[in-house]
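Here subunit A shows up in two complexes: once beside subunit B, once beside subunit C.
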Partner chain A sequence: MIRSTLIKELRELLRDGRVRISFFIVLLLIAVATWISKTQYTITNQQYQQADNEERAVWENQGEKNPHSAAHYGTYAFKPKYPLSLVDQGVDKFTGTSIFLEAHKRNEAQFSQAADQTGLARFGDLTPDFVLLFIIPLLIVFLGYNAFTKEREMGTLVLLKSQGTPIWKLILGKWLALFLPVFTIVFLLFIVAGIVLSNLENFGVFNWQSLGMLFLIYMGYYFIFINLVLFISLKMKKSGIALVVALATWILACLAVPKAASNIAESKHPYPTRQEFASNILQDQKEGLDGHDPWNKQAKLLEQKVLKEYKVDSLEQLPFNFDAYRMQKGEEHTAEIYLKHYKHLKTQFEEQSKLYRGLAVLSPFLPARFMSMAIANTDYATHWHFADAAENYRVELQASLNGNFAENSAYGEWSYRANADTWKNMPQFGYDPPELGETLTTNTSNLVILSVWVLGTFLLLFFTTKKL
Partner chain B sequence: MITTDNLTKSYGDTLVLDRLNLNIKAGELYCLLGANGAGKTTTINLLLGFIKPTSGNAFINGLAVSEDPKKTKKHLAYIPENLMLYPSLSAVENLDYFSGIGGTHLSKSQLEAFLDEAGLQKVAFHQRISTFSKGMRQKVGIALALAKNANVLLLDEPTSGLDPKASNEFGLLLQKLRNKGVATLMATHDLFRAKEIATHIGIMKSGQLRQEFLATDISLSDLEHAYLKTMDYKELAL
Partner chain C sequence: MYQFNSKYELKSLLRNGWIQLMTLLLLGLFLFAFYNGNEKVDKRKNDIQAAFNEVKESDQNMLILLDSVQRGMEVSASRWTIPTKPMAVGNYHPRVAAMNPGPLAFVATGQSDLFSHYIKPKASGDDMALNFTEISNPVQQLFGSFDLAFVIIYLLPLIIIAFTYNVLSSEKESGTLRLLASQPISMRSWVFQKMGIRLFWVVLMIGVVLILVSVIIPSGVNIVELLPVFGVTLGYIFFWFALAFAVNLWVGSSSKNAIALIGLWLVFVLLIPSVLNQMGNALYPMPSRTLMINEMRSAKAEATKKQDQILDNFLRDHPEYAINDPNQNRSFYHRYMASQQLVREELQPVVGRFEQQLQNQQQWISQLKWISPAIIVQQELNALAGSSTKDYENYRKQVTAFAESWRQHLLPFLYSNEPFSTDDYENLPEFQYQRLTSDTTLISIIALVFIALIGVILGFLKGVGSQSTEKFITQ
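Entry: the complex of A and B
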């Protein structure tokens, strides 16, 4: 019976001109979005590799130079574009692609794609994740809103019931008929993405497990919509009303709740403004050690402490260059200040994420969106991870440069020049995003919420079936 | 085959079917006559298990409908007043689906043979139902009964809205099924068709079976007279 219903439903769908057109439009959107995304991905990665190589060459070819000058000269940490960003670009567009690493200062990531676009960017981009998260649920609404109401309106439900067949089999047949077209479209997209990504050379590490997991997340998301749409169709008497209710559900889940969640999160746990953030850091810096200012109160205290520790009377008697030593201590102090203030930002981010998870009760879009971005390594958490890795590299680089300066020169010897090969021996910045297992562990709550949605809507459908 | 034992249905204080007792055997065609609201459709819905009786029992092939509604539907075919099928599917596809969900899987040639037996023109076998007249749809319904090998047939005013030719063809089909041993209960307003094809005729009013006749024992004019009298209608003299 399930097979008979599945075949009948598919026949009806294929013969319905509206369905054929909707299906064609979605396929076209997916194809265009994938092509655009692939082109962007390839170009961005080429630019990333070129910039990374050129910047390293610039760093390595500084020639003889004072290490602290090199520290101020700085270098860049470039954020790689991850393979699954082809499917979900997440917040990559807004987070910036490179961080300038210099002495005494932790910089924000800059050169975001959004900053390079005109106001028209406000309309959003056609990306695979847009089609997956918004358009396909809409397709489910259009394909399924009248799954049962049409049976009532046409009068065929009476004839179906008179055949004595279990209603759950009828519903399962309809469920599969709704799922199969969605599965086909999404499976095609993921297979094409997998083939494209696995054939690209030197562009990040692609693995099928992550792609498979991403596919499962989207399948779970569609299970929820299929269940909800069939539930609505079962409960409503007329197709028109079922369509309105199903569309309202889509608007609520995909548009209203996510936007409201964003506003509520921002108002309840606001980030400091950029100005506040900078001025708080500056305030803390003023109260601490300034590596460049030997007359600074904290610098004087450090001087006394070191002289006492080495049991010498003057800085010239120390076995290292105290200027470099002081700058390193200043660097460590500044790093701590940045750590403290970024920790506050992260706490706010965590609080906002908690609130989002709470609101996920109202919309399956939220956990699906977060899981998708996390697996694609295009979420804020991955960006933080990258920014922290860049900061760790910066701190280590500064320590290495100050160490070179301190060990190879005497106090006051600002004319010291490190060997031209020094820069080549410094390690290059490299970044690996969290692995799939780690991502799933940190997103357990989203995974649980999505699973609860799937299970809950299946139960809802099951109990409604009993009352038909 | 079709039995009701003091079958009663009420909604609150409104009694819509009052202690109905029927016993329709194999090869019998029982026509239930009555005005709208007499309880004919309620009787059929109770036999289909769509609604539960307030008291009494309905039996199909000896099985109580309220106890095992799925089993009783196994060899039962039902044709409502307006048999609605899937408009975008052909007659063969509709028959394939409905017989399939009833557990009978047939080949294309078998499906075509049943449609042929039901009197549907060959040219219509693969046409979409949206192009079918009511009479053609009823034939697909009969084909479904044949495909299911149903020995019980429930019909709810199947000839209403049919032109005389289609109504006559439908009557002949029912007689064919009757000869095959199918027990049929048909609710209708059509006294003429009832007299033509029925073996037994019952007249209902206000949920009660007021009169019963053997079709062979009563003429059409006597049937009409009895019907009008039961309904408290005055006969119009020509």
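Entry: the complex of A and C
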């Protein structure tokens, strides 16, 4: 019975002109979206490679220079694009792509793509994740809204009842008939994406496991929608009403709840403004050690402490350049202040994430969205990971520059110049995004919420209906 | 007949609870959207006020310091921060250049979640270092805001669709159409009347809800100022009703109508905007920001080389030593400001390219926005709220100009080696944001009504000729 229901339903779908058209449109959308994303991906990565190489060249060819001048001159950390951003662009558009690494200061990532776009871009981009997250659930609604209501309307329900088949077999047949077309489209997309990605040369690390996991997440997301749509079709008397209810569910889950969640998250756990953030840091710095200011109170204290430690009575007698030493201490102090303030930001971010997870009760879109971005390494957490890696590199670079200055010059010798080779010997910034396993561990809660949704809707569909 | 029709419609709409449900739904959505918009505007106002207060406080300190120095007293501040030095005023006491929200700012978030609303440009900072973007959780930007614009552009059409998709088909499906066909009225004018009654109710309810909500949530905006928003919304409502009218006559069963209307919603609200955006990007591609950094770096490196001496290099990073060194007292900032000027001039075309491309894209949208009423409404509401791309571009330009006048105001002190004094404090330039006004509102409303008329005409074209009523019944 499951098989014959499946075959009958599929045949009906195939014969329906509307279904053929919408199927075709979705395939076309996916093809266009993938092509656009692929082109963008290749261009962005070429630019990244070029910028990264040129910046390194600029850094290495500074010539003879005081190490601290080099520190102020600084360098850039560029964020690469990851292979799976082909499938899900996530928040990439809204985060900056380059961080300026200089002395005394932790900078935010600069130049987000969205800031360079017009207001039209806020309607959304034609990307695979748009089709996967919004359009395919809508397709499910269109294909399945009348799965049971049509039997009722055409009077075939009576015939079905007379067969004496258990309801779950009937439901399962219809379920499979809805699932197969969706599976085919998405499977095709992922296979094409996988082939495209594994044929691109030397761009990041692509592995099939991540792609497979991403596929599973989307399948789970579609399970939920198929279950809900069929459930609605079971409970409603008329096709028209079933359609309206199913659409309302889609609007609520995909549009309304995420937007409302964003407003609530923003107002409950707000970030400081950029200027506020900067002036808070400045305030903390004023009270601490200023590496540049020998007359600063903290600097005086440090001076006495070091003199005592080395048992000498003037800074000239120290075995290293005290100016550079003080600067390094100041650097460490500022790094701590930055750490404290960024920690505050991070707490706000985590609170907001918690709120999103809480509101996921109302919308399966939220956990699916977050999981998808996380696996594609295009989520906000990955951005933090990158920014933290850049900050660690900056702190190390400052330490080795100040170290060079302290060891190779005497107190007050500001005219010291490190030789031209120094810069080549400094390590280069490299960044690896979190691995799949790590991502899954940090996102367990979203995974759990998604699974609960899948299970819950399956139970709802198969166990709440005793008779048609 | 018209009277009967409207009386019957009203009764049936009230009896099956449609009107009640819709009023509640609209009231709830508008309330939530108003609340969210207001909250954002309040935060923005408070942030700006806090910034002004902070400057006021630091100005008080500055004046006290100035006074002490002028009276020849010893002061405890670091020497290079003492405000008799004009550059200390320029760098440590910058003014707030704020973009105050307009009266309708709560209507549309637009681009306002991307950018800062106040900036403090310093005298020695270069314009490239002015970061106009705001720090925020990008997830919020990705999801967008639940504001009035969202309710109007996305949800209102869906509510209208739910309200109208089966005006004709439900009569057919319940068999009452045959009875109606016996009445002396053409099918088209009958559907038109039914639609007209529903349109009247939706418009009335939105009017009432708008007034009610602005009373419940006091946003300091008066009803008259809301009129343009109401006008644009009305035009948009007309459009969707006209579309529903045409679909009701041209398509068939209730579900087919609903699918056709949702399909159109998808096309107008989601697909056309993103395709146009994509095409705009392809036609006027933004140059790469990462590559721009390379250019900026080499321009700066060049400028640095021109400042020959290593001491200069060093002193540029360490203004405090420049002051300690009596020989360098004048030449450090002299050279530095000069080289900054050079870098700015050299980078102007690089930075200009971005603004130019953005303008080109904006131009492209203004030409093609007529394809989708959703875009017309979005652009118009953003413009009314003062949160459109153009508004932020305008703000950026004004701030850059202000940064220049701030520098130019202080440079004479620097070059003539004149100390900054308490008397000069009064003359410091202040930033005043000049808001753009939207002059396209009327055109937009007319365009929307015009597009709606096309829909109505399309509907009336169906079944022109003999036996039209019969076609509807047997279809």
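One rule holds for everything that comes next: the second predicted complex is superposed on the first by the 466 of 468 C-alpha atoms of A that agree within 3 Å, B and C clash if a C-alpha of one lies under 4 Å from a C-alpha of the other, contacts with A are read in each partner's own complex, and residues count from 1 in each chain.
The criterion applied here is as follows: contacts are C-beta pairs under 8 Å (C-beta built on N, C-alpha and C of every residue); 3 or more make two chains touch, one makes a residue touch a chain.
Quick caveat: nothing in here was measured; it's all calculated off a predicted structure.
Q: With both structures fitted on chain A, tell me whether subunit B or subunit C touches more of subunit A's residues.
A: Between subunit B and subunit C, C touches the greater number of residues in subunit A.
Q: In the overlay, answer first, second, both or neither for which of subunit B and subunit C A:Arg11 touches.
A: After superposing on A, A:Arg11 lies in contact with subunit B but is clear of subunit C.
Q: Classify the contacts of A:Leu170 with the two partner chains as first (subunit B alone), second (subunit C alone), both, or neither.
A: first
Q: Could you say whether A:Val158 touches subunit B, subunit C, both of them, or neither, answering first, second, both or neither?
A: First partner only, subunit B.
Q: Between subunit B (first) and subunit C (second), which does A:Trp453 come into contact with in this model arrangement: first, second, both, or neither?
A: neither
Q: Classify the contacts of A:Glu55 with the two partner chains as first (subunit B alone), second (subunit C alone), both, or neither.
A: Only subunit C; A:Glu55 stays clear of subunit B.
Q: Examine A:His68 and indicate which partner it touches, taking first as subunit B and second as subunit C; both and neither are also allowed.
A: second
Q: Is there a shared patch on subunit A that both subunit B and subunit C touch, and which residues make it up?
A: none
Q: Mind pulling up the subunit A residues that touch subunit C in the complex?
A: Contacts found on subunit A: 18, 22, 36, 47-48, 50-51, 54-55, 58, 65-66, 68-69, 72, 76, 78, 90-91, 93-98, 103, 108, 110-126, 130, 134-135, 138, 142, 145-146, 238-240, 243-244, 247-248, 251, 255-256, 258-263, 265-267, 270-277, 279, 290, 292-293, 295-296, 345, 348-349, 352, 356, 380, 383, 414-415, 417.
Q: Show which residues of subunit A lie in contact with subunit B when the two form their complex.
A: Contact set of subunit A toward subunit B: 1, 3-5, 7-8, 11-12, 15-16, 154-156, 158-166, 169-170.
Q: Within the complex, which stretch of subunit C touches subunit A?
A: These residues of subunit C touch subunit A: 32, 36, 39-40, 43, 47, 50-51, 54, 78-79, 110-111, 114-120, 131-146, 150, 154-155, 158, 162, 165-166, 169-170, 254-256, 258-259, 262-263, 266, 269-271, 273-278, 280-281, 286, 288-291, 293-294, 297-298, 301, 310-311, 313-314, 317-318, 320-321, 354, 358, 361-362, 365, 374-375, 378-379, 382, 388-389.
Q: Once bound in the complex, which stretches of subunit B touch subunit A?
A: Its residues touching subunit A are 48, 50, 69-74, 76-78, 80, 82-89, 93, 96-98, 100-103.
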